[in-house]
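Structures are listed in the sections that come next.
Heads up, the next two complexes both have chain A, just with different partners, chain B and then chain C.
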Partner chain A sequence: MPVEIDVTTVYIEDRPYPMDPEQNLLHQCLSAGFNLPYFCWHPALGSVGACRQCAVKQFKDEHDKHGRIVMACMTPASDGTRISIKDSEAAAFRAGIIEGMMLNHPHDCPVCDEGGECHLQDMTVMTGHDYRRYRFEKRTFRNQYLGPFLNHEMNRCIQCYRCVRFYREYAGGADFNSFALRNLVYFGRDKDGVLENEFAGNLVEVCPTGVFTDATLKRHYTRKWDLEFSPSICTQCSLGCNISIGKRYDTLRRVVNRYNGEVNGYFLCDRGRFGYEFVNSERRIRQSRLRTEAIGPDAAKRHLRDLVASNPGVIGIGSPRASLESNFALRALVGPDRFYAGIPSSELELLRLMLDILRSGPAGTPSLREVESSDAVLVLGEDVMNVAPRMALSLRQSVRQQPIEIAKRLHVALWQDHGVREVLQDAKGPFFIATSSATRLDDIATECCRGAPDDVARVGYAIARALHSSSPEPQDLADNQRAFVESVTNAFKMAKRPLVISGASYRNIGIIRAAANVSRVLPGATLSFITPECNSFGLAFLTGTSLEAAIKAKPTAAIVIENDLYRRLPAPEVDSFFSQCAHVVVLDHLENRTTTRAELVLSTATFAEADGTLVNNECRAQRFFGVFPPSETIRQSWQWLGEWENLDRVIADMSGGVPGLSGIAQAAPSAAFRMSGAKVPREPHRWSGRTAVLANITVDEPKPPVDLNSPLSFSMEGNPDQPPAALIPFFWSPGWNSAQATNKFQEEIAGPLRGGDPGVRLIEAGQGEGIPMASRAAESDEDARLSAPNRDRQGADAFNGALFASVPSAFQPRENEWLIIPLFHIFGSDELSRAAPAVAQLFPDPYLALNADDAAKFGAEASVMGRNLPVRVTPGLPQGVAGLPSGLPPLEGIMLPAWSGISRI
Partner chain B sequence: MTFSPALEEKFARILTIYPPGRQRSAVVPMLLYAQDEIGHVSQEVIDEIAHRVGIAPMQVDEVIGYYSMLHRKPLGKYHVQVCTNICCLLVGGQSLLEHASKTLGIGNKQVTADGLFSLEEVECMGACSWAPAIQVNYDFHHKVTPERLDRLIEDIRKAQGTKQVS
Partner chain C sequence: MFSILQTMWNVFLHMFHRRVTVQYPEEKPYLAPRYRGRIILSRDPDGGERCVACYLCAAVCPVDCIALQATEDSSGRRYPEFFRINFSRCIFCGFCEDACPTYAIQLTPDFEMGEYHRPNLVYEKEDLLINGPGKYPGYNFWRVCGVQIGGKDKGESEREAAPADVHTLLP
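And now, the complex of A and B:
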């Protein structure tokens, strides 16, 4: 959020520039567009002054001709500061620092994976160091195995310490460190092994050189300049992180972060970064088929049309992992009455409820940047790290918000990373977790409260009650619950930007209602819902009915898009549905159990081949663009299902025809957009082989494929200027080949991209086209209005007394039966990344989770729901509650939570 | 693992001198005292100290890697440290190191077969005014010549009653 700031004047080469005194000179010089080399500083990590690379000459006043060298990253941009970047001594100093680094840095650029997008290369060229005078040997290290995602090549290290600062301090990892000293400093684990942190993959971009490189890219390596990029959106959870996807020939080579100041900022999770390989999977459906026969696209489409014409009762089953456009195309084909959302009612109802709550406000839903700046957080019933990983990284920063006030009081500048950490020590702001089992964020939690899902809901209700007397009161809370409620309440009363996080993981309506109540009685609070999949909210906008209703309708024909129904409902139900359905058409890109039941399978585009819109968990509609040119045999779902000329036609029909979606056209410029008459090139201008790749077939250079759906071209030709933020295929700027080129695309370093961060929010607090809520309490009495001491809250009057009244009763354990809840895994629970070989190496085996007491009763293995599974002791599970990993074959399709007996084997 | 009663007592005292929650500040003294007793810092010692101050063993490892006077491998009973930093270097520190290596029959950071001596080239130990200097365990020896070094080694050997290894 841009805030009013004092502006100071800093003179660079005797010319005045307006600057932000709260920032350091490096940050401000880069923001002003200067090229100043740096290594240890990172926009998200702050300054430590370790590398001495950003040296500039500072002068006392305009008469001072001598000056002194200072580190720009360690000098505040205070008023009247006079510096020179060009000064010959400063320039020589910077070149000397690089020369020092080069004493040990290997000359292996031609075989280094970082080559061509290496910050060290860029900075070396920038300083002008080009000749090695040192004649002795370079020091060498033994590298480590760090797991399936990262390669380790320590010889290249320049000791900037960014990796360990990111991994330990920013991402909270514990199994990575710096060892030894002087030029033997080593960054790694204490022994070989998979890096445990879920954000380790960011080291690829955090490391300024090639110490940590993408191990998945290495298996199908291509230089950055030879990749063809598209701006895309991650499809592997509901947060909608912006990604830049790169392909060469017919392979998707890698995913890197695409900065979006409001969403993912500089970082991705490892599932999002490395889960892309399903696009190249051998399970891909690359050819449509009728029963077992391959069939051409035109014949396939004809067959689909005939089938729809001859079966007036044909139904459509949509999907939360398909784009809005594809779901809408299906809905338009079969009619809104026969469009089914493709998810069980237990999930669909919750999604609708969440949208209703967000529409009626007053609590707004925060972007990830706002999550990061929250100063008191309550998580109700979500294992954030495993369900929406990138949000967990934001939460790790949010616990610093309150302690940072200490640093402010001591006048420690917030960019002084080391200084702030010294002041803060281990201090953490209020962060509370109420879930049914331990989570990966417990280490930063002020307090955790464990209970069955209904008890989590009751705790939420109790917090709302403690904050406001018109919220219903749960009876008979346990002592530990009371204590937890009191802590949360006290923290929330003192907070300026409190946040409540909840979601659909436990399929528990009480938890969502309780979260809504808390957010509603707490003026100024924000409310974030985590949804199960990348377009869950988008699907909920399209008002289909549930999957059970589709089965009950007993249709004679059904069209299923991008949805494996066997992951949604128990196999017998899906089996009987398919058996009674005479004609089944499935549009999908990976073979699965649903495609085996289809009469007609249409080979469908993945996110990397498709264009469309996804609605993330904050109701931000974001456009993604394919990186593969249109294929004869593979088409997007909306292309198979309709006759639209291009994506914009679908969007126009949809935004006119579906309430709440009228804004989606603004998510990105239309296909007609041109910059100075030209499209935005997907290929860097150094892309090689344009005239040679097809030389064995023809020496004529073919015309680049036409892209009707986007203003991007499948070519290196086009306007080389910076495109609008939603269309940036990759970050590159002259002299800045690495990911650090992001600097050149932002209005201000670490601020919004030029022209505003991409995406359009479909719901702003209290502004939606809300449906009246079913259970609302009476108007709150005037005297019960919140008094908000020590703060000035605008939201206080917006409180309208709309509170949910039905508190669930306390969870009662049963004799010989357990409530089985779903447990989520960042690697394994998601459907598509399961087909990515690197991610697959980290899947857990299916197991039954029990608390220690229950586990002791059953021994190493137990039988549950007809399956024998190894028992895993899982901390935090309450008495009478057990867990099964969600989405892990053969356990997918089981509707959880559910009661079940567990027996000894 | 447990240490000698005297060391246990020392550890118990050290852990009380830092403010609550800052017990990891005790890592360096604990490592030094444990090394004095055991002769080096074993993995067992690392795990135990990490456990006692409530940090990961890897964080203790990080400290050991930083301080050159902490050793993860067993040293000789007498650890001969020869300074080759600038002042000592100017007045023969380097040849003193080479001489020590020849006399002891071991190279830098090696231990004699009988376990009596180990040799290490070290950085400045603050004895520049009396260079060249060496340190044997905690004892300083100033203005050392090759002859004085031989005599020192011989004295130690005699005191130990072991025969010469060459």
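And now, the complex of A and C:
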């Protein structure tokens, strides 16, 4: 029996190092801390051996003095390998390669946006090439317009092919490629135009030099070393991707990826990367006001306090886009009984149900890394690409998991990117989508099933039934549904790590119950719920009462935090609520319809000015820290609402006072944390202009602002050591100025950050509180686990930790009415990125979506719910179902799904 | 006793030596062209602003007394929106001149910058920008770099081939 070797010994410069034989030498040398230059290799993209930059000398044995040059990225770290990085021949080879790459590289560094964080600069310095000998002409190219996010400067290209490999092979884009031949290879589109892929922005970090740079940064350009960074969390969807936000001269300048091995890894979506500009928007509320008069912060706070004291019935309306701390502060101010969630009950109930399902297990909820390694996926009723974009990128990798077994059988190393792709060809693992309209992931789906939301739920129930007989059976499935159910069932039975994805997009409780059933009858399955907003789950931890209940309570006074109620409920309802409220206080950062109804508007911090905790869709609590110094006029919601000394006090009160949140203090070190007696500096050590930035106002340099809420300082002074993972403001390491410096912060390349990836899971499967659960021990014994359903079926559809029983009836189209469902847009459905100019360029115009047959009944325009809208034929929509873009003005606030007539104009 | 007399004699002899002291300000001393005095921003031979707002001078400045913000004109030519030097902090080390890739920032043989009020030592771009190329008459960064700007198309820089035809399949 062969002995499995987990660790091999590789000799570098005659010293032994333990290494992973499943990996290549480059990966392992970098993991071991060596500086070895590379271009075409990327931790997430694997090796192709195209750039020849990572050359090392390999020796046969200890007596071999001659050796041979090999590419580290293409050589396995097999036992007993002896290599030399320092070898003069290998070093000269690497310098020669760089010199070749630089032949045509333009003299652009001073005006190139990549300068100072350029992998090509770093590698050129690392190899020691410093003098240009080539005297002939440089090749030039014409650039293309690639949309509002990316700037194209093709002259700078070194033909490493990373961009096409990421864009086409990793992100599944089709409108970008390499063109032409020999030394004229061109990377771009066939003609000018906006890049279609939702992850195109990652080219900024994937490109080792300045061919693709951030076009939003270009408008207010600042070098990386001049930005003040904070570790933050993206607030534009529920996944909670980790980001670094950079600020200079009082404006937010850019967002870059902050590696978190469990969550976003190396990549972000374009909404997250470019939607930050709302922070600089002209619609910002920078001054509190009482009716129409500006009011000082202290007077405003006094007014708020008097108002609360004189109105004992004051209610608080929270928000899923505000931090846990802000919501908790409001809850503490008005009392838990008078704190309302600020979202309609249709949404809140689903969130509570999802939490209950996740608490009771047995299916755990996966991190995005686990999503990536799932080998069979079922999406029930979610347009993942438009609701939680980064997860769609993970799903694109998950379809490779099953075919990759072929490569393993053929002994093709998994890091051999081209080898694996050659073996896989177009083979894709099982990936099934059941939704009401076409999605952007259909191209990788094994099979798609379209139907109204209720039919999607029925398909889910049918799958659960096919997997286990104690799950209820939906009657009268259509033939195509039966076929779909059969394919899913067959695939799931073969899978080792099946995954079910569902969510609240269609506001359909049946879909969530069906997803829960599937995950429960399938051993080893994981279940991922996509929530609507960045802190939806956090809000559901804090309260169970909805916005409608708040309206029914008929309060005389209400405090609304960071929530535009006109996006939540129909305008007449909100109008009547506000008109019967004698006093309305609104805390928000952007002007919206709700702020116009307020007596007192308090200027509130955005995510870039605030500190707090968000709970993402896997119930991971993650702390974010502001990058702007504390301001008198703009304060965080919890600072307006309470008298806490700092954030840690709020967290202490909250973790003690709210069940389920006891773990959140562990999300990041407290404000008292120090490294060698100093705080973690937000500014790089080369941050410039300290004595000149404010010199036009005062030549006496003020003392740096004090940050009471976090262990980060507004300074460049501090310990040069690496901070704990949750506090890393930016990735930088000596000699590694680009985003590739991430290598130096990981325990192993592409592994977790040193000390563990940040964030703390509030729910682990099967460890819920107060709800009977199927214990993990019973997992092996299926019958024991499923003994409950019969009881369940007799009563109402109460959840008792087992299976849900009430199957919805099949969708029946109506004669003159359509079921209007919400359709989501990565650019457009989100509230805040509306105020970001670059993202706003890509918004669709409002439309009414119909299938081709239904659309034929109307002309180019139709009237629905009192609005005239252009008709758009949308593939996949079933007969009798229509769609409206969600959250897109003026369609915000419409409660969907709803039945409505559509009439010709 | 003898040594005192010898010292007095030496002092007496010095009365007949050539004077080193210059009667400043009536008389100005000679300063070499590369003397490190007041900092200026120069223009290229075509009269355009040389500074491309690359931030290298600010980064290298040991006292961090330079602050600027880059911007671009409609043709893509980059220049500083504002450029500020706080001379009350400057130590005239000349690192900024060394770091400048376009010969824009230069130190000049002028040290007469005394002020009664420190705020008057904060120089903005209009105080710094001169109407000539300074010490380096010939150089124009934009003629060397590969970025397209108004009046210079792709492939028109020095030692640049015409833009490649990516549609050709000829070997």
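Just so we're on the same page, the second predicted complex is superposed on the first by the 867 of 905 C-alpha atoms of A that agree within 3 Å, B and C clash if a C-alpha of one lies under 4 Å from a C-alpha of the other, contacts with A are read in each partner's own complex, and residues count from 1 in each chain.
In this section, a contact is a pair of C-beta atoms (placed from the backbone, for glycine too) under 8 Å apart; a residue touches a chain by one contact, two chains touch by 3 or more.
Predicted model only: the values in this text are computed from it and were never measured.
If we overlay the two complexes on their shared chain A, which of chain B and chain C does A:Asp426 touch? Say first, second, both or neither.
Only chain B is touched by A:Asp426; chain C is not.
Comparing chain C with chain B, which touches more residues belonging to chain A?
Of chain B and chain C, more residues of chain A lie in contact with C.
Output check: A:Val693 vs chain B and chain C. Expected answer is one of first, second, both, neither. What do you get?
Only chain C is touched by A:Val693; chain B is not.
Name the contact category of A:Asp190: first (chain B only), second (chain C only), both, or neither.
The answer is first: A:Asp190 touches chain B but not chain C.
Have a look at where A:Ala852 lands relative to chain B and chain C in the superposition and call it first, second, both or neither.
A:Ala852: touches no partner chain.
Please work out whether A:Ala180 is in contact with chain B alone, chain C alone, both, or neither, and reply first, second, both or neither.
both
Just chain B (first), just chain C (second), both, or neither: which does A:Lys138 touch?
In the superposition, A:Lys138 touches chain C alone.
Taking the stated contact definition, name every residue in chain A that is touched by chain B in one complex and by chain C in the other, in rising order.
179-181, 186
Can you list the residues on chain A that touch chain C in the complex?
106-112, 115-116, 135-143, 153, 155-156, 179-182, 184, 186, 218, 220-223, 225-226, 249, 686-693, 695-696, 698-699
What part of chain A is in contact with chain B in the complex they form?
174-175, 177-181, 186, 189-190, 426
Going by the contact rule at the top, pick out the chain C residues touching chain A in the complex.
52-56, 58-59, 61, 63-72, 78, 84-86, 88-89, 101-102, 118-119, 121-122, 124, 141, 144-148, 154-155, 157, 159-169, 171
Residue numbers of chain B touching chain A in their complex, please.
Those in contact with chain A are residues 21, 56-59, 61-62, 65-66, 68.
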